[in-house]
Amino acid sequence: TPESAERTSVPGVATGLAVTGAGGDVLFIEATEMEGEPGLVLTGQLGDVMKESVQIALSYLRSRDQAGKLADHRIHVHVPAGAVPKDGPSAGVTMVTALASLASGRPVKSSVGMTGEVTLQGKVLPIGGVKQKLLAAHRAGLTGVIIPKRNEPDLDDLPESVRDSLNIHPVADVADVLALALEDAEPAASTLAA
Amino acid sequence: TPESAERTSVPGVATGLAVTGAGGDVLFIEATEMEGEPGLVLTGQLGDVMKESVQIALSYLRSRDQAGKLADHRIHVHVPAGAVPKDGPSAGVTMVTALASLASGRPVKSSVGMTGEVTLQGKVLPIGGVKQKLLAAHRAGLTGVIIPKRNEPDLDDLPESVRDSLNIHPVADVADVLALALEDAEPAASTLAA
Amino acid sequence: TPESAERTSVPGVATGLAVTGAGGDVLFIEATEMEGEPGLVLTGQLGDVMKESVQIALSYLRSRDQAGKLADHRIHVHVPAGAVPKDGPSAGVTMVTALASLASGRPVKSSVGMTGEVTLQGKVLPIGGVKQKLLAAHRAGLTGVIIPKRNEPDLDDLPESVRDSLNIHPVADVADVLALALEDAEPAASTLAA
Amino acid sequence: TPESAERTSVPGVATGLAVTGAGGDVLFIEATEMEGEPGLVLTGQLGDVMKESVQIALSYLRSRDQAGKLADHRIHVHVPAGAVPKDGPSAGVTMVTALASLASGRPVKSSVGMTGEVTLQGKVLPIGGVKQKLLAAHRAGLTGVIIPKRNEPDLDDLPESVRDSLNIHPVADVADVLALALEDAEPAASTLAA
Amino acid sequence: TPESAERTSVPGVATGLAVTGAGGDVLFIEATEMEGEPGLVLTGQLGDVMKESVQIALSYLRSRDQAGKLADHRIHVHVPAGAVPKDGPSAGVTMVTALASLASGRPVKSSVGMTGEVTLQGKVLPIGGVKQKLLAAHRAGLTGVIIPKRNEPDLDDLPESVRDSLNIHPVADVADVLALALEDAEPAASTLAA
Amino acid sequence: TPESAERTSVPGVATGLAVTGAGGDVLFIEATEMEGEPGLVLTGQLGDVMKESVQIALSYLRSRDQAGKLADHRIHVHVPAGAVPKDGPSAGVTMVTALASLASGRPVKSSVGMTGEVTLQGKVLPIGGVKQKLLAAHRAGLTGVIIPKRNEPDLDDLPESVRDSLNIHPVADVADVLALALEDAEPAASTLAA
């Protein structure tokens, strides 16, 4: 899928799945960091629950010493499009993935979309709209999707053709999301020359 | 009970009992800490009274020198599910227990659920919904419950079969809650080798 | 009276008298302090006027160099029950007493309840509901009450039996409240051994 | 007048004149200072305009190097009674006088009441309710009142008996208010012994 | 004009022209500075747009290194009368003039009133109410007025007698306002003696 | 076009295109910086989405180390006219351009207007009102316009005469906007002398 390939080519961007008034849709979580006083800037007209999702994602990584330089830097998380209000907890796994990608420098696999609430312990809780979200992932050309394990029963509602063309990964812990979604760290240029 | 066993396997998580529109329910209080500027991050769509409960819990421990590194670290308390508004003072004992577990490194016993308001002095005040909360504890497979001493009369409303299958601990001081609910500190690996 | 005896056994807790929808009642002001960045945490669903009362109480003590370590420590004042909204200036003398007790380490006498607004200079201003408050003090087993001097005329409304069983102290300055309500400093353990 | 004599016996308290729903009234502005982080605490249910009056009063003194230690200390200004909402700019001269008294250690004359808006340059602007305010001053036993020069025409409305019994000082600059209202600095105890 | 002469006799005060419900009026912008933590205190019941005008005025001067000590000091800008709500961008040139006067120590000419919005680059944008504002300037005895160049066509509405008695300066850049409105720096007393 | 030539003659000012109730219009984004505590001051009655646009623009530059001294200085962004409320994400490219111009010292070309939302990665997203905006650019005498690549289909609605008289640059990445819109750095005066 050209768009997610281009969007996720740099570390810090992950592909999420959302439900809108017009069915499911793919959205991108963009995270970046900069030197300066530590803090978290959130843009994209995020509602209260979604803002809390970003705090949960960051605390999950910081409390496990997986936030790297993020703990000391200024972090900005944006969810385009800028004028569209967004809310809900189901972007939790995508938030953790975008921030873990930024912290580690490992890009997110461009073929993978994801949805799921995350708790502070990293448990993945079920969300709504699985059918619409996976149809949207299929339309957008994604080949892998990550969903909460407790949402497995919702897969029955999916057309068989769609279910067959997607690698569907039900997960219970966000650590498994990171293992599935992050590219291996790219070898540094100097080691390639050996 | 598999879920509370898994959820409370790490220090910082305690099992509470709540009343919702649909009867009683079990909820988990998740607390974690990280280096950084001291402060308290609260998520889970907590109402004003519940936010005050967390402050009371933390001050109770800090003023007694039982907060350990928590006083100097950044603390995040989350109550899943992220999109469900929650309020009321009755999670007070659970808040103290989760934070004391995090501060001491002693996990919370996975078989125990609890409910009760706490004052800044650690007195445990009565709460509502005892019957529904204990039925929910029973359904969830918990074998021990901690309730405020002043709620003992409410136990009459409980079916005898339920009352017999639960170890019910009425308490007047939150210090007794901690004595009942926290696991012993695990011996360090090095001392086991002796 | 067992409850106030237990509640006021540690420094920082004072017994106030309040008017609720259901007549008069006894309430406890709990104050505690901890190391950390100086500041004032207020809980108990306090309204604007009651929050200002705490600030006035603290400034009264600080400006007279009677706040001891409180000026440099983090202070938490809580008024149970946690979910009941409270407001009004009439807990002023109780706030000063709780904080002075905490600062000095001298417990508050468990037999004494009090009511009265305090100004920044320490003047005690009249309040309402004297009759209901003193009836409540009597019911709760208190033997001494402190009221504003300007409320003396309200004592006529009190049943003679109640008036006779209470030591009623009308005061005009909060310094007199402290002299009446605080226990003597307890001799240190080491000096007892002499 | 006994009350103003007692209230203004310490530096930092000045007697103002106000209009309430029930005619004119005397009010006291109480200012105190304490060590700690610089800042301004305002209590007494003050409205926006009255809060701005305090800021103007303090800036007037600070910009003229007349604030002494106030610039570096924590300042608390309270206007009893604590539960009565108050607003309007006409307490401006009283605010300047209370703060100047606190900064200089010179008490305010207990026989003097005052009213008038102050600008940042110290100009005294006219206010309303002169008649009711002066009647209230008279009733309270004050013998001197300070009013804005531009309010002189309002004196015609005053009963002659009242006008004759009050020393009325119309002023255009707040420096004149301070010259009229502050007691001379009291000689230090050591110099009295000479 | 006696009032503006007296009001603008010290640096930091500039004469503005405003439109009120009752026609045009003259207002004074008072700016002062004091040592202490840098910051901007705004009083006079200013609306959002007028508060932004002060920030624009200050940034204009600071970004051009014309703010002198203002950048490091605490600044207070007040617009009497204190209880009258004020809003709109047309006091922009007056704000810049008052702050530039304060920064430079050069008083504002007492004969000059002004109106005009200012951009961050110092461009002077057109405003409304030119006729009423100039009539008010005339009534108040001002002899010079500064207006935006783009408002020149509005001068046609002015009675010829008024237009003839005022020196009207249309300007496009606020630098020209400062050149017209600020007095020359007064020679220091020591150099006068030479 | 005289106005944009004059307005954009200094670094930090870029020409945007907007849709108002009365069709399209040209607006100027003014950015300036000053020494002092780092921070972002926004004026011009900007709505939430437009304020977020400025934060996105600044983070885009800071995270790419293209913000130069802006990261450590105080930045003020103003959008005249001061009293007109403005909102929406379509000034994103103009915000990035104004800030990049300020950071680099390279002025923006006075002949170029622009419109387009920007994401945190610098992707240019489509906006509305292309026809009205380009008509406004034409009326204002601009000769070049930058629009989002995804808005190319909207060009069909434009009169051929207008389309022919404008150099229209569809872009997908804001880096291309900067390459098109910024003047070359002017050689320093000293090198001119060689």
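Just a few scattered comments:
So that you can tell them apart, the chains are marked A, B, C, D, E and F in the order they are listed, and the count of residues begins at 1 in each.
Note that in this section a contact is a pair of C-beta atoms (placed from the backbone, for glycine too) under 8 Å apart; a residue touches a chain by one contact, two chains touch by 3 or more.
Small disclaimer: the values here were computed from a predicted structure and weren't measured.
Touch-path distance (fewest steps) from subunit C to subunit F is 3.
One simple way to say how far apart two chains are is to compare their mean CA positions; for subunit D and subunit E this gives 31 Å. Taking the mean of the C-alpha atoms as each chain's centre, subunit A and subunit E sit 53 Å apart. Shown for subunit B are the residues that touch two or more other chains, of which there are none.
Contacts between chains close into a ring here, every chain touching precisely two others. Chains in contact form a single ring whose order, set by starting at subunit A and proceeding to subunit F, is A, F, E, D, C, B. Within the complex, the subunit B residues that touch subunit A are 7, 10, 13, 28, 30-37, 41, 43-45, 74, 76, 78, 80-83.
Taken together, the subunit F residues at the contact with subunit A in this complex read 38, 48-49, 52-53, 55-56, 59-60, 62-63, 71, 88-89, 92, 117, 119-121, 123, 125.
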